[in-house]
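Each chain gets a letter, A, B and C, in the order it is written, and its residues are counted from 1.
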């Protein structure tokens, strides 16, 4: 719709919108995160939901203890190999449409603990991540910024056509295989559907 | 669709992704294979709103009563000790922040103390005072948050925790202006501290400390005589004195059982022998006593803080003998320990003369305090397990390391 | 508190047949330790706990240490006749000291407020003779810590009530804190690699040069 016309109508007291915008507006302002902390970043996540930073301003203060009632997973902290299957399982139990914020260096890549034998080198090896927040731990302001980035992402999703989101496509699964414990490592060590190892090119960009 | 799937669809609303060990729909009371009647085995955690992180308990219930409880660890085992053996002595300092991520400054101190014992360094006077001030501020915010979380576990959703976090933010602001980080301070060095107090910091700290008793009065008048709090905590999770000693329990949990053992008094490290303060002791060893221990310890910490901030001298903040680069202690070993907010936090280091420690071990108080979790929970309701666990005050970064 | 020599003498008198050694610690901490033979370890530890002058009722810290096989170079100067002339010849020989695993216990007294007394128990080697007696029957505080040592170092504690893995999962097949543990190959390329990282990367991506 023409922006000019919509603006003009708005001045006359007539508000025009599309179903898509209304739908996305409702979704983006009522994100319900899963109350799920893994490590240090979880404390900053709690601090974000407290009085000083007040996550309620973004409609996201309702931390749900059950994945069935949540649509946003904040992976707040180090994902260890022992925990990774449970994280994937929790994600699978969440209802569509669902989003993932990888909070902190550990959830992105393993962070300072990357060299550990029991540390998963980033949750994006198993799950599709929507927003990454760097930091160790990220400040509450950074988490708020991630919320706003996610809200923008939701607002821009078109409900029809080739690029419609996953929950509106019957052919794309919303669940991901849960890795199992092997003798030395998780099996498989990553999910090729969502992640592939970056190609190593020696002598370039290093 | 397999028959198994059909059953789950009919019963549990499509729980297709539950692990097999959990069996069928959870509301169905099943007898265990041994045939001991109505026993029900449930797995609390690793994702559970009450467990303070990724902690799991395998609980066996007879009706509502707990008859067996086995903690399952390792969901946050991020190889702190292995990484510590692969990096230099100083390289481990930022990792100690992430052990007990509420109390990075006391963790720093414990590690610095162990290395100072190993290398024969001594922090100068001013640094000792700064250490005491930051450690006691850490204790204040840890205990305040513990009170909030404990009440949250009892169902007091929000209010006490928000009060506690409001105070915590004031202390975190102090930490941020001193060290540059809210939580991961990485502040102490072997033989001193990283940087001196910024101008005006002490005045700001004095204001925060002077206002803290007001918060405590409010907190206590809100909670101490609260009927729900008392009925949920008094007589719940009693830890007998002898068991507490034998099971190496330390910190406020030990003192709630009536054992007078505080490392600040028993083996004064730093300059704690200069301050006048008392060690609160409990009579009953139940959850209420453990809660009261924290409240009373906060009052004592304020006394220490007031004395330390009045007496802090000027001067250098680093031992001149300390070497930042090429730090190689002589071969040998040392065990240094402090009274952290959660109990005895110790570091055990073996040096072989190289820049990396040959063995780097953390003695985690909250891990060892969980030894008696089963003993405290037996015979109580499931809802009490949550409260008892909350009163032990665990942080998973330290439990699993 | 008594000196370690006095404790050693009294423990040897109280537990017949016990062989104790003192391991000196040359660092400024001066925390020396007692090395106890496995056969009498439980009796010696019981003596330390119950003796009225010691009363070490509190086991603070229990940990494992891995000592790899070590090569010790020894050089002897001998006088030999070489080509009819007497000369000093330096003969170097390399002797391999077999490695072992070690459990270290730090004992304190809550009642008398002294300590630490450090106990060390050693296994025969690093592969099959890895049994040492558990001190959990004396101090419950050792329960989880010994399980951790078993998990991460592979020391088998005889007499432990519940010796299972504690940090790693049950099907895990290694003891990751040992010095010769090989990390799983889940490496990923980093844009600013160090030499060691590059080596692992080359192993990980054998197709690229």
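Side notes on the structure shown:
Following the convention adopted for this analysis, contacts are C-beta pairs under 8 Å (C-beta built on N, C-alpha and C of every residue); 3 or more make two chains touch, one makes a residue touch a chain.
The model shown is predicted, which means the values in this text are computed figures rather than measured ones.
The chain with its Cα centre farthest from the Cα centre of chain C is A. Of all chains displayed, B has the C-alpha centre closest to the centre of the whole protein C-alpha set. Spacing of chain A relative to chain C, judged by their CA centroids, is 45 angstrom. Put simply, the C-alpha centre of chain B and that of chain C have 28 angstrom between them.
Residue numbers of chain B whose C-beta contacts span two or more other chains: 74, 77, 79, 82, 400.
Counting partner chains per residue, chain C shows two or more touched chains at residues 167-169, 176.
Chain contacts: chain A has residues 82, 115, 117-118 touching two or more partner chains. Put simply, chain C touches chain B in their complex at residues 25-29, 31, 57-61, 63, 65, 104, 106, 110, 113, 115-116, 118, 139-145, 152, 166-169, 176-177. The touching residues of chain C, when paired with chain A in their complex, are 167-174, 176, 181, 183-186, 188-189, 191-193, 198, 201, 205, 208-209. Within the complex formed with chain C, the chain A residues making contact are 82, 115, 117-118, 121, 181-185, 189-190, 197-202, 205-206. Taken together, the chain A residues at the contact with chain B in this complex read 35-40, 42-44, 46-47, 50-52, 65, 67, 77-78, 80, 82-83, 86, 89-90, 92-93, 106, 112-113, 115-119, 136-137, 139, 175, 178.
Put simply, chain B touches chain C in their complex at residues 73-74, 77, 79, 81-82, 117-120, 243, 245-249, 259, 261, 266-267, 329-337, 344, 346, 348, 350-351, 358-359, 361, 363, 367-368, 370-372, 400.
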